[in-house]
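Listed after this line are the structures, all set down as structure tokens.
What follows is a pair of complexes built around subunit A, which joins subunit B in one and subunit C in the other.
After this line comes the complex of A and B, so read on.
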């Protein structure tokens, strides 16, 4: 076991990560000496690019596995999924931490990020709600995650104290997640004149919330698969034995949630009487999104869980995750400012993409550091019955 | 009663979204008719000759940097421009189909009655002043640019080349200069040689605008742009050609920005109040179910364990001994695996 973990430092991934970190360092210097203009393609008509569309919107959605899993286990009493909680909480914690980290590049004066919370709250702003909830939820996640860290450090007393808060933290986490997942969609409510009617809807908040649950469940499946290979030796028998059960159960859940999401999408279309837009290029793109990445995965999940086809389920999870990323891109970038002439439309610069990749790689490195050291994929023997 | 219950349920689901059209009061945003003495500016496109004198005056009174091309260079009008961090106002030239001469239109902040920028800002950097102007305070701005996303007229601009102290830049209706007594009317209004711009109380300005339409019905489109667009603005427009021909959107509607978001904001307290109660209830039920199942399982385990206790102990001891030799970090997992093996072996034996 010990020889297995001591691999050479120069794996292909490590070399790639090293290069990305160097590029990230370069872009960081550029951003904080030359301003946004030095690294981004943002302009006065397109104030938000992929640092919001991907890093913020997708980052928060993809981290939804944390609250969905802990709610399933601790509130809905699905104890058999218990081993999925810790990886999901860790991913969520890192995800949110990275979202906040990435925002430091995007906003003009990052050290003022606490202003809206502590100095002069703009309570009429949906962005205020997002900020406040993300701030509080990051705190909740840090406490939830600290249980694993405290076990690692051997601080038993503190650990059992924090552990007692589990239910309270879980409920608080669900409330906060409901609020900010939906508010991310609500951010766009203020701009009906800029977002294409097929994507603009008064239902945007609930669409964001429901799709976040679907992607949260899918991420647990998807990421379990990704982690399985490199970290197999770190996973204990409980995790491995429960793993297939988790996948089947989550697939069934995700199938239903996606069906619900599809229904809401169609209701929204009917409520605003937007059928006429379907027969246009935008309509085709819209149908591509909801048929290919909502309806199809819903069906595939249903088939996969009925036939216990783990492989199909894993591919469907990837499809769902991709679909939600596509949706966030459509709302924030593709269908936003759709009326502007093409010369004035936004396309990310390599520097923006570079920073986004940099942020993701930092996340993977920290994730790897933690799961190879702390009890994430296995239970700490001294606390075995304490769950 | 039933409706209220329904609304509460919708709130729970984070769905108030359906309530997008509820009255603004839902979020505490009472409909705002505008300050009684608020000022306004009227721009009459039939009078504007595109001389760019207003642009020059604005640049001067706001001490903005000198432009690349001088203000008397009318070639600039060949391309359509927008406001920038260095120009609070620009004049564009349009050639509407069927019109004999080109038509000019001045662009700057419209000083909305219920500004989208102010409603969107999460640090309240924007303020609607009693004189009708909407001003910005750079000392609290975080630089998130949500105000720019929100403005339906694409007015605010940003200092993208400022690394650490970027500001949002836009027309102030010359509020600071008028307040300090430096000016009696906005710089651009004072500079217009054709009186295409008029400054006064919004109530009076509206009367003037309608009087002009009435006096020359053939000359004007029968609409005062800004009277009700996006809840009304303090910069009003008259034109002889349809407004969309001079780059102004006619599909903005009359709903103000705060009304667009009040439904979603109203749901927040609902979710915060109802979710915990609901989730707590579900937890209590599932816990009780779990307890019953647990007890049954415990009984079964007890019998099995007792039968194989001795066997388990021996295997455990052996595993521990071996584990000792291993590196420290692997001890825990080995012990655990051994325990599990023992348990399953025991089970198998039992079955055999």
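After this line comes the complex of A and C, so read on.
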């Protein structure tokens, strides 16, 4: 091994990723030989832990950039954001693929995951609807993403055929995302006695959907910011020229959507007359989430967009992403089973945290593998202006 | 505040929501005006840069 190869292979991130993959492999063996009890703190009171609260709820919400960006470009005709579509679709595709991957760890008998779709459809169940939508949308995203892979492989005829489906797939993607982003919130409607009244609301499905749009727009900015330094050499002149416009436009959109989300949250408080809970410890935590991670980012996005302050917008995108993760954690874990004594409350085990970190690292490695080889941040020279 | 009937509760909650909705609409108009206030200046700047 030459010293140059050593230098590029043994980077701090690669060493960290290697350690995480080894720990992930160990935890995978533990999980599939010893069962859920061997690596999790799950029990009958808390059957859904961070593999649902983080890997699934956050994974699906953070992948919303795919349908928001493609809808903006292909349905609303905002062609100036076109260069953001492929990174957003790739992030969404990997996000959903990892959600399904992580689900294999969480369900008791993962080999039965296809059963609800093909053998025993429970058509009156919300969970069935979520499963069907995720299954269909992952397929849609795989086809949408495959255009880049086919260009890389040089399969021109197949690429041309798939590319003709773009508008149809975008519409299908928007419909499916609207359905399952909201249904993930609707899952918690079944537990009014378990979820704290400040977070429980009949508006939960709308809150999940609207916050997913806000975090989808933010993820495009956030992911673009993170990618800019390591993959700058892969970005073509069009991508770099449109980059600031994408950030400013998406910041304006995210500001208004976050304001909508804040409005729905306030109306939900008023409709259920839950004001009294605000003056409690739970109320302080709720206000921390709403003021710090919804109202503040909405205002900062507005200021950033008005003043064309790209740096402020990038930091606000990170704040929004963290805020939606915090909201999903609050709904699924923190404010869930809030009346149970602390000894019976759920806290994730190291094994659960390890698997979640493992899943994220696998996602980053696959993302890096793809963007360093396929036309994601640049247009393939043979397909210039073929959009 | 104590409510003795469901009607009392709904009346109170709906009153609050209607007032909130009015305030929110005004807030949205204000936010949109705030966000777009400098658009004309920025457009003029980019127009000058092109020439």
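Basically, the second predicted complex is superposed on the first by the 380 of 387 C-alpha atoms of A that agree within 3 Å, B and C clash if a C-alpha of one lies under 4 Å from a C-alpha of the other, contacts with A are read in each partner's own complex, and residues count from 1 in each chain.
FYI, contacts are C-beta pairs under 8 Å (C-beta built on N, C-alpha and C of every residue); 3 or more make two chains touch, one makes a residue touch a chain.
Here the structure is a predicted model, which is why all the values come from computation and not from measurement.
**Q** Output check: A:116 vs subunit B and subunit C. Expected answer is one of first, second, both, neither. What do you get?
**A** A:116: touches subunit B, not subunit C.
**Q** For A:307, using the defined touch cut-off, is the partner it touches subunit B, subunit C, both, or neither? Pick first, second, both or neither.
**A** second
**Q** Mind working out whether A:205 is in touch with subunit B, subunit C, both or neither, as first, second, both or neither?
**A** The first partner, subunit B, only.
**Q** Look at A:36 in the shared chain and tell me whether it touches subunit B only, subunit C only, both, or neither; answer first, second, both or neither.
**A** first
**Q** With the two complexes superposed on chain A, say which partner A:23 touches: subunit B (first), subunit C (second), both, or neither.
**A** Once the two structures are laid over each other on A, A:23 reaches no partner at all.
**Q** Does the superposition put A:71 against subunit B (first), subunit C (second), both, or neither?
**A** In the superposed model, A:71 contacts subunit B only, not subunit C.
**Q** Looking at the overlay, what does A:138 touch: subunit B (first), subunit C (second), both, or neither?
**A** neither
**Q** Applying the document's contact rule, which stretches of subunit A touch subunit B when the two form their complex?
**A** So the residues of subunit A in touch with subunit B come to 1-2, 31-38, 40, 42-45, 47-48, 71, 74-77, 79, 106-110, 112-113, 115-116, 119-122, 124-129, 131, 167, 171-172, 174-175, 178-179, 181-183, 186-187, 189-194, 201-206, 209, 236-237, 378-382, 384.
**Q** How about subunit B: which of its residues touch subunit A in the complex?
**A** Interface residues on the subunit B side: 13-21, 27, 29, 82-85, 116, 118-125, 140-146, 148-150, 152, 154, 156-167, 249, 251-253, 257-258, 260-261, 263-265, 267-268, 271-272, 275-276, 279-280, 282-283, 286-287, 289-290, 326-327, 329-330, 332-333, 335-337, 340.
**Q** Given the complex with subunit C, which residues does subunit A contribute to the contact?
**A** Subunit A residues touching subunit C: 252, 255-256, 259, 263, 266-267, 270-273, 298, 302, 305-308.
**Q** In their complex, what parts of subunit C are in touch with subunit A?
**A** 9, 12-14, 16-17, 20-21, 24, 27-28, 31-32, 34-38, 42
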